[in-house]
Structures are given as C-alpha cells and as structure tokens.
C-alpha cells in the first residue's frame, strides 16, 4: 500500500510471513526431554573435559564428538545480566525483564536465560540483588512443552 | 594467481531429508573432510563458507549460527552469500596469496527446512515492479524456455531427454536426492506448471552440505596422492529486469571466457573431459552448454540427441545427475565442483565416467534466467 | 606474502533516513562517487564485490541481482560477502584477497544497508537460532549492556568512571560527526544530556547507542601497479586480522575475548606493529555502543585491561590526543550496518592519504579500522598506512 | 507441514516500507490515471518502461518523460498453472513480456481475458508478435496491477 511518510516521501508498505521448520535432531531432542523432567543436561568433551551446556553433539574447540551426557544443577551463579524495559519485537516476555548468563553448578559454560521472581521496577534493588556471583535457581513451569521456556526464569536464592 | 591451489579432499551430504540437526550435519561433513586429509581442526588455516541468509534458512547472519560447526572457532574466515562456487574461489585466493597453507571451504543449504524455492526466489524481485507481477525463477524459466524453443528450434523432447539422462545418472550417485529411470514420455506428460516448462523438468529442493579442503601446491602434494588443481575461474552478472535482456544472450559466455583464459583453454569442447553444470530447469543444461562452448549456438538439442553428454559419451555432462537430481539451492554449485574433483581423482565410484578425466568444468547459477553465473576449471 | 594492495578511493552517500530514493538509486550515489573520486572508468574495473547485512532487513534476498546495474556489475566478475556486523570489513578482505592473490588489479567493493525499509528489531530477532538463544538475544543493546557490566565487574572499574568516559565518547563523537560531511547524526550534546538520556538497557542510555541509518560506502582496491598510475595518493593495506568465535554467547569469555584480541594481533603481526598506542596515528573502532569502544581499546592493546576509561577521560583517544578514535563520529553517529565496517576502512584510507577533509587527523600515517559482528563473535581488523 | 520427526516451526515476519522515489512515484500516479509512463535516455535515446532514474546501459540520468502506447506485441509468454507465493492473480494465468509500441524494452505483465482451460487453443491464439492492449482495473491504488492485464486486440 502506498503511503506518505513523515518526511513527505512516498513509501510502499508491505508485509509477508515466511514459514520455516527446523529439524531438532537428537541432541536438542534429548536436552529438552530432560526439561520435561526438570533436568538440565550438558555434555562432557572427551578431549578438553569441559562440560558444555546446553548439551550438543560435538565440542567446537576440539572438533570431537561428545557422547557423555552429564546432568548439571538447575542453579548456579550469575555471570552477567541486563535489564530491559522497553518493548521490542521478539522479546521473550513482557518488560521489564532481565536476561542473564548463568554458570550452572557443574558446567563450564554459561547458559542464557531470564532472571525474575522479584520486583524489577526498582533498579537499585536489582543491582543490589544481582551483584557479581549472585546465586540463582531455575523456576520450572508446571506445564512443560520440551522447550527453553519450560524454565520460567531463574530466581535469586 | 600467484600460487597453485589444490583440492585435497571432498565430503558431501546425501540430498534426501533426514531428521538430523543442521549444525550436527555440517560438523560431520567438515570432520569427514579433515579426517580424509588426515589433519585436525587446529591445522586448518582459514575457513570460507558459501551459504545464504534468512530466506534460505530461517536465520539471519547464518554464518554466525554455523560458525563453530564449520570448524571456525577462533579462525580467520569469511562467508560468501549466494552462489557457493564463489566461496571455492575465495578460499583458493586466500591460499594463493600465501597467507594460508590450507583452507576449508564448504557450502550449506537445507532445502527441507525452507519454504518453497519459488517463494525464496520471489524475494529476489524488486518490490516496485517485478514482485507485483509475481516473478520467481520458475516463472522466468518458463519465458526463457519458450524463447529457446522458438528461436533455436530445440524441441521439448530434447529438453525432456536431459531429465531422463540426469535422473538416470543419479541412480549411480549415492549422494543424489532424486534418482529414477524415467522416459521422455513421463517427462512430457508431467504437469505443465509454467508452460512450456513441465513439473519433471524442475529441480527438487534438497538438503546439501559439501566441504572441501584446499591447500597450497606443496601441502596438496603431501596430503593426497591425487590433488585436483583449480586452474580457472570466472563469474559474471547480467541485467536485472527480464524485459531489459535478451534471454538467449547470457553472461555465462563472459564467465566462461574468464575461466578458460585463466586456465589457458582455447577449445573447451576438445579440451574438457566432462562438465558438471547447474540446470535447475532441464532446458538450461542445453542452453548453458552452448554458452560454455561445449557445442555451437543453437546446437544444444543436437548435442543431447548425439549421446555425447551421456555418462559414456565424449563429453559427459552431469554424470552425477546434476541439479535436477540434487538441488540444495545455495550449495549446488560447490557440489558440482566436488563431483568434478572426484571424477578427476578417479573416486566417483559407480558414476565414474569411462574416459580419463584430466580437465573438468563446474558451473553454478542463480537468479532469473541465469542472472549470475560462475565457472570453475579443475585439472588433474 | 601476496601482492601489495592499496585503497585508492572512496564514495559515500549522504547517510541518514533516505526515503527520498529507492535502494538502487542510493547504491548508485556511492558507486558513481567513487569513480568520480578516483578517475577510474567503470569499464576498467575487473570485478565487483558487494554485501549488505541481513537480507531480511532489506526485503530483497540476494539483492545484488536487483543492484546489478547500480553496482556497475553487469558483465563483471562478481562476489558477495556477508558476515554479520563484520560484513563491511569482510568485504574489504575479499577485495584485498582478489588483488593480493593476483586475480584482479582493480576491484570495486561496496557495502550497503537501507535500514529504514525493514524492521531492524524483527530482523535482529532472527539472528539467533530459535531453539535456545533467540528469546534472550533478540535485542543487541541487551547483550552489550550485559557485556559492559561484566567488564566493569571484571576489572573493578567504578561505574561513575566508566559512565563518564562513555559519555565523553558520545559528546566527542557527536562533535566529530559535525565535521564529517557524510555523517548521519550531526547534533551536539553535553555530558549531562548523555548521562541523563533515557535508559535503553541499563547501563546503556539512548545517547550511548548508534542510530538506524540508510547508507552506502564504495571503495576501489588496486594493485601496486595500478595504484601508482592513478591520481589519488594510495592507502596501503598493511595488515589484516579476523577471528570468529563460538555462536553460543555463554561458551566463551566475551570480556577479555579472544576474538578482538586475536584479530588485532594477527593484523599487528602482519603490519609489524608492536606498540599500537605509540605507532598508530588514529583508529576507527566499530563502536555501535560507547562502552564497546572502551572495551575494544583494551582488546586492541591501546592500553591495559580496565584502563581505557581513565585514558579516555584524559583525552588520549580524543581529537588532538595521542590516538584519536573514531574522528569521523564513528558508528555512534552513522550505522548503515552492511556498510558500517567498510566505512571504518574507507575513513582510515582517507585519513592516511590525507584526504579526510574536515575531520582530517593531522599527519595520520598509520590507522586501524575494525568491524564487530554478533555478540563479540566476529572481529576484524585492517591496518592502513600511507607508505607501501 | 507435519513431519515424522521432531521439528521446531517458526514463522518469520517480514514488514517493509520501501521508498518509492520520484520516478516510480510518477509512474504509479500515471497508472492511476490510466497512463503508462516511460522515460527516454538522453544518450542512447531508448524509451524504457517502467521508467528509470538512470539508463541501465549508459548510466546517465533519465530526464525526458514519455507517455507510451497502451498497445504492443507479445514477445514471450508462459502459462502458470500451479499455486505459488506471490502470484499476481489466482493461477492459471499467463505471464508475458510485452513490447509496447515505440519502447525499447519489454514490460513484464500478464495477459488476461482468455479461456485458459485448453492449452492448445491458447497456443493458437497467443504467439510471438501478437498484438495486445491494456485493460484497466476500476479500483486503483498505485500498483502494477492497476493495469489489470493485457488482452488480445
């Protein structure tokens, strides 16, 4: 549809939706099956011995297959966070929300997720609560779909 | 080019859809090629991929997504978007400049996860004119085929023979996606989806990951008994609007000339032992052969009639089954090069052609009626 | 190692919100400008290299088809390179290798983005895969705010110092942009205005963030023989470096990250640079966020980790300082993504050949350009010098 | 798309605001007035439709506007007979390259107003060189399909 924008220029507005369907493969499948049982799995690289979370079929550094599945804790330490307080396309939940990197106990990599379960409108409270090394634990949803959002968020302990 | 560059080994994924995860598949193919060459990821100098973004994969900046699977962790590398044959040449330039001793090159496209190719190619159009008329590559191919039939006296049956030949060849290729014995009548009676173009004359939508290890002359000789040298490369871009072009004049001639000049080929028909061309629509194999100088202008039809392009012919074209048998849209050009390399190495298994293969040609194309072409010459 | 390579000219559009022209017309503006600048005839070009960042943003897939004529690409050898935010610098590398390998003598290298035509947020949401990271990394500011906070924690940098340094960069760059004909945002701000601008994602505020820009940058890369024949003083490529890191953000340390450090180290080795702060005359750091620029000053070895804020406040990296950074106003004032890192390279080329105009750094002879893509995943560095 | 294996479906939403620019702006305005505008290259003298801001051959600005004929001849055509994304009308339809009188390029558009059920009958009617003329849509919105289709003269 033709429109005139605020600069007075003629614009053609269109939209379309393009469908994709991606194969999960065995690693994502097993990782998210674990979520249904409230378990978080990593894999151990046979060479560098790092426990990689989320679980995956190979170690990118050593370029070796990983076949040892290891359950890691659903709690750990906050490595970094950011507080979002504006709306944007593709956001995981209504703002304000906190996305964070969390080093789960037993893992050698950080996991991305949300931190919540307390008042996020007070920035001072947030910075006090989430100081370096703050501990958080997963809050699981009751209804699970076998996806990353089966964890509602991580909550400070 | 300053230095000679060799293809040491190749590895490829079979075309049919599977339940495997994209990144696992890429990792395994890259691992396979490194294992074949007897080197580790650490030994890899640089990585160049051929892949496309969102429309052909559902992820933007796809190179970020597959970087680790493609052996890229902490490597200097790059990604060429569009036709993957350009990635082969880019990898070769990185070696030829003396900066790297080895380069891992791969092409990746997973058709089974994507929307229909016609939808992807529809987004090549400009939003203001051709998009509003619904143009896509199949639409453009229908117009181009009519032009070819009318002006060059090529027959629909001759075009159909390309399908018979290529799907038949594919029966010997374990990596091909579609393989079957079909007759000219089968093709002729398949649905005319874009008359005169028929459904069976259009390539499928395949999964395809192909990887190659390139190396300098010295290292190539060390890593393999039979290196394949990349001796020529050319590419060219045509005008955009279909209505501005003569659909029977192609920039493929320009691309081919560049590649032949670089490889020192004066008479491609005589000097080449085989060709793997990208023919997403059957008639294009005939048309492309003309521009590649594998037959005279307007002689594409006669050429297929003569049997010369059959697997046992004088100049086999698409002994692998070509794109009609295996169409991972973005990586198909690199697949062509991999197949030529295997033929030169004598490792093409049941699809190995009868004659000795010293020089072969690989071709890739994308865009409406072949708006972009790339040509590579490989030698033993 | 390969043939010497020079950048012999630059063409840029007036960057900004360019809904006055169609996309091919915008491309043409920069392409014709580089031919004008160099005196090279389009017929003499061996080939064209082009890239834009995510085709989703542009709504045209493989848009080089659409731009064939505007790129002067018809009948020419063509290559398309795309690597996320590093696209621009990767384009420069492709141009470099075409000449260094002996394949070409003169190549046109063009990067572009017309961000106002698409939806940058909807596009950025598709950069992560949908299985795991997509919900959490949809907004680039979110990631970079996390990174800047990790950085402050790691080196015990007091937040006020860091905040002031970032604000100073914003103030300085906005002043710099006013001297640059092609820059998008040309407006002065005070320290207070930056420090009190709306929070986007804490601690990043509106004036710490780059704009959304339409723009194109075109450059011509040439062999030694060609460069010496042409009218402009060439800028020689002295070093290049690039490192790609893991896709999952949590897999690696992104503060003291091997990606920017390794990229710079590779480029320095090639250029024979051992002390960047002393040897470089200026740098165009890819700075979509003020904090990232500070972090990268450290990663690139301009100072010790944790020291950039202090030095910045002392004026080391300002115009007139020891190592001016982003004297063009940088990404902070102009960000057409696919062109952005190529603009860094082009700006350095103009600076070392003494042709940067209003924002020329006096006597610049050796310069560093960088590109950054993804969540510190990709970093590329190119060193340009006035002497072969 | 139901698959036998585990997948993740996702739809990518593509919203755009394409700049039209003055050249297409004037072209669309013409379509709304049932006029087809082209423009002429000052160097090679070719008249191109749709109009361009620059000549694809000579690379100079195109500045002379020319209203072109609404009639011309068919150069190439194809009968689209399957469902695909972006089809301008419900298939089957005929897509064609049409050379409007006194222009120097072909216009991509559709041919309508024919019974398409019998391919042989269509082939007897539509041939290279056959004359066609524009048929206009009553509703216009500044779009290529304001010109509804071309019909046989």
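Which chain is which? They are A, B, C and D, in the order written, and residues in each are numbered from 1.
In this section, a residue touches a chain if its C-beta (ideal position, glycine included) is under 8 Å from a C-beta of that chain, and two chains touch if they have at least 3 such contacts.
It should be emphasised that the depicted structure is a prediction, and the values quoted were computed from it without experimental measurement.
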| item | value |
| --- | --- |
| For subunit A and subunit D, chains touching each | B, C |
| Between B-D and C-D, the pair joined by more C-beta contacts | B-D |
| Centroid distance [mean C-alpha coordinates] between subunit B and subunit A, Å | 38 |
| Gap in Å, rounded to a whole number, between the CA centres of subunit C and subunit B | 33 |
| Residues of subunit A engaged with two or more neighbouring chains | 5, 9, 11-12, 14, 18-25, 28, 60, 89 |
| Of all residues in subunit D, the ones touching two or more other chains | 3, 5-6, 8, 10, 12-21, 24, 56, 143 |
| Where subunit B touches two or more other chains at once, by residue number | 19, 54-55, 58, 68, 73, 115, 119, 125, 127-128, 239-240 |
| Contact graph of the chains (line, ring, star, complete, other) | complete |
| Residues of subunit C defined as touching subunit B within the complex | 1-3, 22, 24, 47-48, 51, 53-57, 59-69, 71, 73-84, 90, 93-94, 97-98, 100-103, 123-124, 126-130, 241-248, 258-259, 262-263, 266, 373-374, 377-378 |
| Subunit B to subunit A touching residues, read off their complex | 18-24, 27, 30-31, 34, 40-41, 54-55, 57-58, 68-69, 71, 73, 110, 112-115, 119, 127-128 |
| Touch list for subunit D against partner subunit A, complex | 1, 3, 5-21, 24-25, 28, 141-143 |
| Subunit B-facing residues of subunit A, complex | 12, 14, 18-28, 56-58, 60-63 |
| Contacting residues of subunit B [partner subunit D, same complex] | 19, 54, 58, 115-116, 118-119, 122, 125, 127-136, 138-139, 142-147, 150, 191-197, 199, 239-244, 247 |
